[in-house]
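Below: a set of structures, written as structure tokens.
Look for chain A in each of the two complexes below; its partner is chain B in the first and chain C in the second.
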Partner chain A sequence: MSVNPQFPALRTSRRRFLGLGGAAIGAAAAGGLLAGCGNDSSGESGPVELTFWAWAPEIEKLVEIWNQQNPDITVTVSRQDAGDAAATKLLTAIKAGKGAPDLMQAEYQAIPSMVANDALADISEHLNSETPGHFNDGVWNSVTLGSDAVYAIPQDTGPLQFYYREDVFSDLGIDAPVTWEEYAEAARTIHEADPSMYLGTFSSKDPGLFAGLAQQAGASWWGIDGEAWSVQIDDDATRKVAEFWGGLVEEGVISNQPMYTPEWNAALNDGTQVGWVSAVWAPGVLAGNAADTQGKWKMATIPQWDAASPATGNWGGSSTAVTSQSAHPEAAVKFAEWLNTSADGVAGLVEHSAVYPADTEHASTALDAPPAFFDNQPDFYEITEKNAEAVQSFTFGPNVNVTYSLFNDEFSSASEARSQQAFVDALGAMQDGTVDDLTKQGFSVK
Partner chain B sequence: MTNPTVTVPAAPVPPGRRADRRRGSRTLHSGFYPYLFIAPAAVCFLSFMAIPIVYAIWVSFRTVKVSGLGLGSGSRTEVWAGLANYSAVLSDPEFLASARRALAYGAVLVPVMLGLALLFALLLDSRRARARTFSRLAIFLPYAVPAVISSVLWGFLYLRGTSPVHWLAAKAQVVLPDALSPDLVLFAIANIGIWGGTGFNMIVLYTPLKAIPSELYEAATLDGASEFQIATRIKIPMVLPSLIMTLVFSVIATLQVFAEPMTLRPMTNGISSTWSPLMKIYRDAFVQNDIYTASAGSIIVALATFVISFGFLRLVRGQAFAQESR
Partner chain C sequence: MSIVSPSTPSARSSASGPSSAPRLERRSGGMSNKPSILTTGILLIGAAYCLFPVLWVVIASTKSSSELFSTFTLAPSVHLFENIGDLFAYRDGLFLRWGWNTVLYAVGGAAVSTFVSAAAGYGLAKYDFRGKQLFFSAILAGVLLPAVILAIPQYLLFAKIGLTDTYWAVFLPSILSPYGIYLSRIYAGAAVPTEMIEAARTDGAGDVRIFWQFGIPMMLPGLVTIFLFQFVGIWNNYMLPYIMLGDDGLFPITVGLSTLLNQGSSQPAMYTTVITGSLVAILPLIALFFVLQRYWQVDLAAGATKG
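Now for the complex of A and B:
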């Protein structure tokens, strides 16, 4: 849930790759098989009709295949604005008591607040027993919130990895950094060689990336402790991350300007930003913003805190949820399972964009070629698969939007102040603001 | 609108028509038509003004209470909050800071914008002006650009990496300050408002200038008044009511500044999510899903706008409505 919904034009390119790509893939048996199990129509006449709010490009093509194979469950896509806008619209419909769809594309960090607003149905009783086995534990945890309930079926994830301009690195005689210490060294070398050049930037507009970096370091900002929430934003792991980036900003060896601005786009293209800690969907953004640099980039595993035990975080990704207003949860679950766990569905999700499916069973078959912008790196998805396995567990809370908004404001002033201490203080303010908001709303907080 | 009690004047009317007229007047007396005629306006007013306002007031006295983990149905209930939302807004340092920023923004924007508008209107009206239609259109044109678009355009000009101004300055070995830094961003935003608003206000001031009878100028010229004296002694006093109206509208627009900072925010660290009062309300409602606090904030801003604009009008009533009351 990016907290910057007000600049759609600049955000679109990333959103596109957070979503899923639909594709007209040869229709096969999986959908039919799934439709065969269970007994949904329960005496009703005519096909079950489901509505599906989604923003993924060309999702309609996938849904068309489903509809052809499953005449008794017809799905209609209603195209939405990505992320926050759709989530707010859903909560409004829930509050109104009607108007919500049966199925909803939901970003992982939005699930707890949707559940807290009673917007999502617990679909555990309708679930195929094999479905949970399709996903990594960390991903599955984000749709169950660590409980026995299941609130969505994962669709795609965004494991963090490191992108860099290989030509610049080899000119300067440096290798892709393996640890964060090496990253800092590389940042210094690059900025010294050319003061207009930066290895990266600290963006106060992208809380999702910062959360992913904290996740890599071992943080989990929220937790469920019995019947109460716990909040650990200002913990050792996250503080380590804040100190690291704050230190680099204070030193002046990385930029302090936000990402996804016209300025940043230009910097990627003209070679003054020569690296990007980003997620698996980055190739699409680079292709859109830095077309002139095709063939000069390489991807590597994200720099590590401890090279002996590789870890990474997540930035972006979404799931398919069934809303609490759906009259046909069982049919809706069947469709969501087909879309996200069948060979056809997963292949379709991959086909048209750089979406990285959450499903582990069919992913490698579907990801047989690197993204077009990285055709110089044939093993792109082999590295990504290894990275995805190293994604650490992370729990989102019911007020992620409040925390992300605090991040924007606190780290804006900290970045502007160019002070490591301000970065650490900003974390404290995020922690206090998050806890205060939960308490004010009446949540039990430990 | 026809007054049902007005008696028909006893003008010579052809006999055939008289009966019609009387029948019409009887239905008017039944009082049905007036209501029919005002019904569309009344329905629109009720549905799109009165009911939403009443609902917003109602919501501003409510809040949601969550119990336990807040997960699952029934853990969230709406309860009466009394004045808690209002006291929360009024004691929120971010809201107070945003109000101060809005006032500072107005203190920069309003005098400069209206000063320029008046200056342009007087220049266009002066006898020596050339290419009036073109100039008027050119000055007015920015008003036709939506605030979001103009903010994006100015954003490109402000950002060092994309700005031709910074590029030229760099060629000349000059380092310009960053217009979007926290210290300067207020002026950067006010500049967009001035660019967009001057033309409209100029037209508002130019129109009454054209209505001033030319005999006044002739008389003044005969008395030996210069062009400058005509402007300060005749023209400005004559357009004072219009000037006061544009001032009131500008002050209202100032308190509601939203589109420009909202559009520039993703480009800079210099604008927080609560930079202006309306941005704070937007954040409460649509980022934090707290429509209760947002409603209280809206009502406070509406009341403040009301008090400031009507208080000001009362203060200057003598001038503003001088012509109407005499």
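Now for the complex of A and C:
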């Protein structure tokens, strides 16, 4: 449980919380941390009861299986708002010194800020020695943050892939684009054939997707440089991505409307949105929002910058973390390992929660059939597996939320303005804002 | 009207012109005149503006999830009962549990809050004590503070005494309503004559008895208003329970439905279920308004003449 010198966040972790900072909070959290370690070793009678904040669909069903098999460790799921909302709630509970669950579904990009706020326990001492071998290095790196500590066990990942309406493509006589250049060509052809149709949209409300696209191009927005953080948002790789999408938006051949809106859903339904750069979990969203289009979609590897060396990024994905307030980290780790690395757990994640498991050992057994919405593409998961291997490494920093909200602000106006230059300028603003925030929070930045 | 009275008659007529005299006459002669088309028109537009979203919810809750975004907005469909079935089947009827929680928070919170407001308002209106003005000013300041910004401090305080993630965490903060106390003070001042209290006292009644037997009945229309305000406020409250509660078995409908909506970008939001849930959630409010409406009308009329 010692402070890891390799992770610069920890040095200043007690400085601030949501601008309400105070030393007492950090101390309380650290107290919880120590208490957590102490309590667990004392042999207790009766079943251990664990609470689990999660939002993966039907995760309760998996937990039920666990509870039946393990009467001595009972897990209760408490369903929360996904993503940032749950993370913020956890940090508030950590600050209060009470009220956090034992286990927490944590998105990869949220882990650094949780660690910086002493919200997560280092579970390396409780870990089964075989657990790390279940995951790709890149994924494992995002739960260790490149240190000796382990802050979570990976649950699912979201490799980016490309989805398109095969019927429309074959009507127009075009193939799935292999490179981004071909993607741009296809966008022009489609929009020319029918001005109401778009191959895709640039969504200024989905920083996760943009980060994934930057990741594909070779960017890593944060980095750890000795005792300091580095920020490379406005670098060549990300600029290439911003210029590409800004150019298409300026040309007017792709839409500039955000995704996940009723209008976007309508466009998926009525066939005016004929392609979607998304992640492996897209079939679930398509099935939920545009059920009637089943059988018309196909999935392909995401268009490449360099077709000779395929690469992709990640969008979404989460892990199971043990919080620093848990009095039973050992039991919690047992459950998290079962959920994410056992044959039963992984099969259940695929069957009930419809996620793409991060575990590589049981994944192919669990993914024996394509998602129901893509039953016209039997090799769906074979392609996905290849895509997942091409995920580039990417480091998240402790203020992803700040960067993401800067993305929302800056790119909203840039895509509203339909100007390629504005897209590039927006990156500069994101870079400066992120560095300023880190400095203001007391992190050293190189 | 008493506020206007200091101005001299001549100043008044010159200020408001000759038309003021007939208007005053009309008013004293009762409200039997025909409403103007303009007023009615504005009110109708206002009503349509307020009711359109409700209409949308009603229509949208009859659509299946694929129809929701593909058919014309105002074209109803036939899936209402399916949607209601889905809603109540979600995670073995968790919605019912949320509904029950909401009822508990709203009925209990509003009832206790109304009583506390009544007692406090009555006390402030009818008793003289040191620091009264200070108390009242503090309460007025409380009226200006939105409850939302108190949620985080309240959370931290409740965490200290170990009450977060319990029913109490939502119930207790709902009890104290500065606005309710303020209304209650105004109402007690207007509706409960001091002479009556003095008369009751002369007859040997104690203060508590006077409050129970005369004060509360006389303030009843005002108290119904306070009850409704608090009830609706707690029923629709999102921030406080969202922050206080971690256990989804304690959630009220508002927080519960939001978990269906925010399942992350990898999952489609359960729009139809949420919309149907919202429809079901406003039905009790509509019923309550119909039942308590007559009190409210009495109260508005009373307020108009007292101002």
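Here is the rule we use: the second predicted complex is superposed on the first by the 403 of 446 C-alpha atoms of A that agree within 3 Å, B and C clash if a C-alpha of one lies under 4 Å from a C-alpha of the other, contacts with A are read in each partner's own complex, and residues count from 1 in each chain.
The rule is simple: a residue touches a chain if its C-beta (ideal position, glycine included) is under 8 Å from a C-beta of that chain, and two chains touch if they have at least 3 such contacts.
As the structure is a computational prediction, the values presented were derived from the model and not from experiment.
With the C-alpha superposition on chain A as described, chain C and chain B clash in the combined arrangement.
Contact with chain C, but none with chain B, is seen for A:51 once the two complexes are overlaid on the shared chain.
In the superposed model, A:118 lies in contact with chain B only, and not with chain C.
Judged by the touch definition given at the top, the superposed model places A:93 against chain C, while chain B stays out of reach.
Contact with chain B, but none with chain C, is seen for A:401 once the two complexes are overlaid on the shared chain. When the two complexes are overlaid on their common chain A, residue A:228 makes contact with chain B while staying clear of chain C. In the superposition on chain A, chain A positions 260, 262, 266 are in contact with chain B in one complex as well as with chain C in the other. For chain A in complex with chain C, the residues that touch the partner chain are 51, 53, 55, 57, 60, 76-83, 85, 89, 92-93, 95-101, 158, 206, 208, 260, 262, 265-266, 268-270, 279, 281, 284-285, 287-292, 315-316, 318, 354-355. Partner chain A is touched in their complex by these residues of chain C: 65-66, 68-70, 91, 152, 155-156, 159-160, 162, 164-165, 242-243, 246-249, 258-259, 262-270.
Against chain A, the residues of chain B that register as touching in their complex are 64-76, 152, 155-156, 159-162, 181-182, 262-263, 265-274, 283, 286-289. Only residues 3-7, 9-10, 84, 88, 91, 112-113, 115-118, 122, 145, 147, 149, 204-205, 224, 227-229, 256-258, 260-264, 266-267, 272, 324, 398-399, 401-402, 405, 408-409, 412-413, 415-416, 437, 441-444 of chain A touch chain B when the two sit together in their complex.
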